[in-house]
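Following are the structures in question.
In the two assemblies presented below, subunit A is common to both, partnered first by subunit B and then by subunit C.
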Partner chain A sequence: MSDQSRINNAITLIARLSIDKSSRTLSKFVRAGARIELERAYVVDVSDATKVIAHGESEVVGALVSLTGDAPFKFLFFVGLKDSFLLADLILRRPLGTTTGFDLYASSAVQEIGNVLATSISNVFATDFQIVMKSTPPMVLHDYAETLFEEYILEAAAEKNELFIIETKFFVVEHNINCHMFIVPLHGSEEVLSSIANRM
Partner chain B sequence: MGRRIVVVDDAPIVRLMLKDILQENGYEVVAECSNGNEAVAKFSELKPDLVTMDIIMPEKDGIQSLEEILTIDRSAKVVMVSAVDQRESLMRAIKLGAVDYIVKPFENERVVSAIKNALGE
Partner chain C sequence: MSGMDTSNEILVGVAELKTGKGPQVIKTNLGSCVAVCLYAPAQQAGGMLHFMMAKAPTDVDAKAVKKAKYADTGVDELISQLKGLFGVADGDIQAKIFGGAKVLKEVTHNIGYNNEVAARAILRDRNIPIVSSKTGGERGYKIEFNLGTGKVRCQIFGEEIKEY
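And now, the complex of A and B:
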């Protein structure tokens, strides 16, 4: 197995460990069962990266977070525009349908879920691998999925020709809300990921 | 009139959640701040009974703001609000002088109990 494959396996392990923690946190936050699944873990050429986003022209709201420290990562959480309204209603315990347009609270619901989920991932580094990571405040973007994803991979794409992408999908049970979470390792994370791979 | 509280968080939805819980329990939210700079300024201006302080915020984070508030008033009551389980930051905040903490996502009861505990009620 190549070094890169072993590193990719380490990232997948971190994602799997994060998923359980994230599911519980998200369920508590929206007061509804949330199921998170690892959808795909794959290497893609930078020039093709935005094509992997199946939601191309649909409007979405996303939260971008940088995880800084010994293993820098970029994190993205996004949801369809109308689903952000439902998330705001669930978090604020309002009847569903109260939020009818993209407002401060719909934006903030995505911001805060992104914050909470990114912290779940940094906790996995801390508790399972004793690696301290810090997350930046989430940047919220409302745009087409493809544009959002271009912004997301910009930093990683400047450094590499290929990206390793972890894609997860969430379902908020009973409310039919589909959410997506992506994790991309940045330059500088290889050494730490390699040491994690050696422990596997 | 209830005890006067300043709520600090960069997420408006969290500020609204905290404000609703606090007002339902008889507290007066005298200001909301979205970053640490605003928090320190509002603390100096309003001298509230308590501040709820998010940790990760733009411009100035909750730990720096806590330090500055305690420099202004060593007896200030600050309750930290952190995402999930930021153990390292919370330990630092408690060592610096924060009186309690709440972990997001929070239960209403936990918020009220932390506030009552901090205010000695």
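And now, the complex of A and C:
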């Protein structure tokens, strides 16, 4: 197995552990069963990366978070515009349908989910691998899905022509809300990921 | 990165360029990246470059550089492909440019603006006139470049579609 494959396996393991933690935290947060699944982990040419995002949800709300430290990562959480309204109502314990437009509540809901996910991933690094990571405050964006994704991969793509991407899907089961999360390791994370891979 | 696609709708990703002939339509989405659309009206041929950054690094092997990622190497590659594939001459080409938004407001470095400035400078240097453009702002762009007419339909997020 090549060094890169071992590193990719380490990232996938971290993602799986993070997903377990995130699912539990998110379920409590929205007071509904939230299930997060690892959809796929893949290496893709930067030019094909934005094409994978074309899934029909053109207008989305997303939270972009950077994790800084010894293994820098970036993740993007996003949800279709109308589903962001439902998330806002669930989080605020309001009757579903109360939020009808993209406002401060919808924006804050997505930002809070970004925070929950960032904390879960940071906890996995800290508790399972003794690596301290800090997260930046989530940047909330309301735009085309492709534009969000382009801005998200820009930093990683500046260094490499191929990206390793982990794609997950969330379901807030009772309410049929589908969300997406992507994780991309940044330049400088290889050494730590390699040491994690060696322990596996 | 490159080449002529024979399908009617051609999708261009980040750091990619594509060429074609009318009635083909080339599409892309942009944030801080810039799309350079080059068109030769007489041949109804053209191409789109969707680049990420202004200048290619000089400290790496040129063969390892993904030309369409950068304005300087990408514009030259697009011109070269239009000449090679369609027999377009230097004086035949006109340009339209789009994108270069500052989508991430919290980020101090304005990549989008730098990209726009780079595109304009390179086209000026290559004596290619920019016949229209829509750049800047804080929102994403969806653009469709019709190679039959040379027109570009551009929609900035939350706004009406406009033709350039």
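Heads up, the rule we're going with is that the second predicted complex is superposed on the first by the 198 of 200 C-alpha atoms of A that agree within 3 Å, B and C clash if a C-alpha of one lies under 4 Å from a C-alpha of the other, contacts with A are read in each partner's own complex, and residues count from 1 in each chain.
One rule holds in what follows: a residue touches a chain if its C-beta (ideal position, glycine included) is under 8 Å from a C-beta of that chain, and two chains touch if they have at least 3 such contacts.
Computed from a predicted model, the values in this text were never measured in an experiment.
Trainee: Once subunit A from each complex is brought into register, does subunit C clash with subunit B or fit beside it?
Mentor: fit
Trainee: A:128 in the overlay: touching subunit B, subunit C, both, or neither? Say first, second, both or neither.
Mentor: It touches nothing on subunit B or subunit C.
Trainee: If we overlay the two complexes on their shared chain A, which of subunit B and subunit C does A:39 touch? Say first, second, both or neither.
Mentor: In the superposition, A:39 touches no partner, neither subunit B nor subunit C.
Trainee: Scan A:51 for contacts with subunit B and subunit C and give back first, second, both or neither.
Mentor: A:51: touches subunit C, not subunit B.
Trainee: With the C-alpha centre of subunit A at the apex, what angle separates the C-alpha centres of subunit B and subunit C, reported to the nearest 10°?
Mentor: The vertex angle at subunit A equals 120 degrees.
Trainee: Just subunit B (first), just subunit C (second), both, or neither: which does A:151 touch?
Mentor: A:151 sits against subunit C, while subunit B stays out of touch.
Trainee: Which holds for A:70: it touches subunit B only (first), subunit C only (second), both, or neither?
Mentor: Touch partners of A:70: none, neither subunit B nor subunit C.
Trainee: After the superposition, what is the least C-alpha distance between subunit B and subunit C in whole angstrom?
Mentor: Superposition on chain A places subunit B and subunit C at a least C-alpha distance of 9 Å.
Trainee: What part of subunit A is shared between its subunit B contacts and its subunit C contacts?
Mentor: Residues common to the subunit A contacts of subunit C and of subunit B do not exist here, since the sets are disjoint.
Trainee: Give every residue of subunit C touching subunit A within the complex, in rising order.
Mentor: Checking each residue of subunit C against subunit A gives 1, 11, 13-16, 29-33, 52-53, 66, 68-69, 101, 103-104, 106, 111, 139-142, 157.
Trainee: Which residues of subunit B touch subunit A in the complex?
Mentor: My answer: residues 10-14, 16-17, 56-58, 83-88, 104-105.
Trainee: If we count contacts the way the header does, which residues on subunit A are in touch with subunit B in the complex?
Mentor: On the subunit A side, the touching residues are 21, 25, 28-29, 88, 91-92, 104-105, 107-109, 111-112, 115-116, 119-120, 123, 126, 132, 135-137.
Trainee: Under the stated contact criterion, what part of subunit A meets subunit C in this complex?
Mentor: Going through subunit A, the ones touching subunit C are 46-51, 54, 59, 64, 139, 141, 143-144, 146-148, 150-151, 153-154, 157-158, 161.
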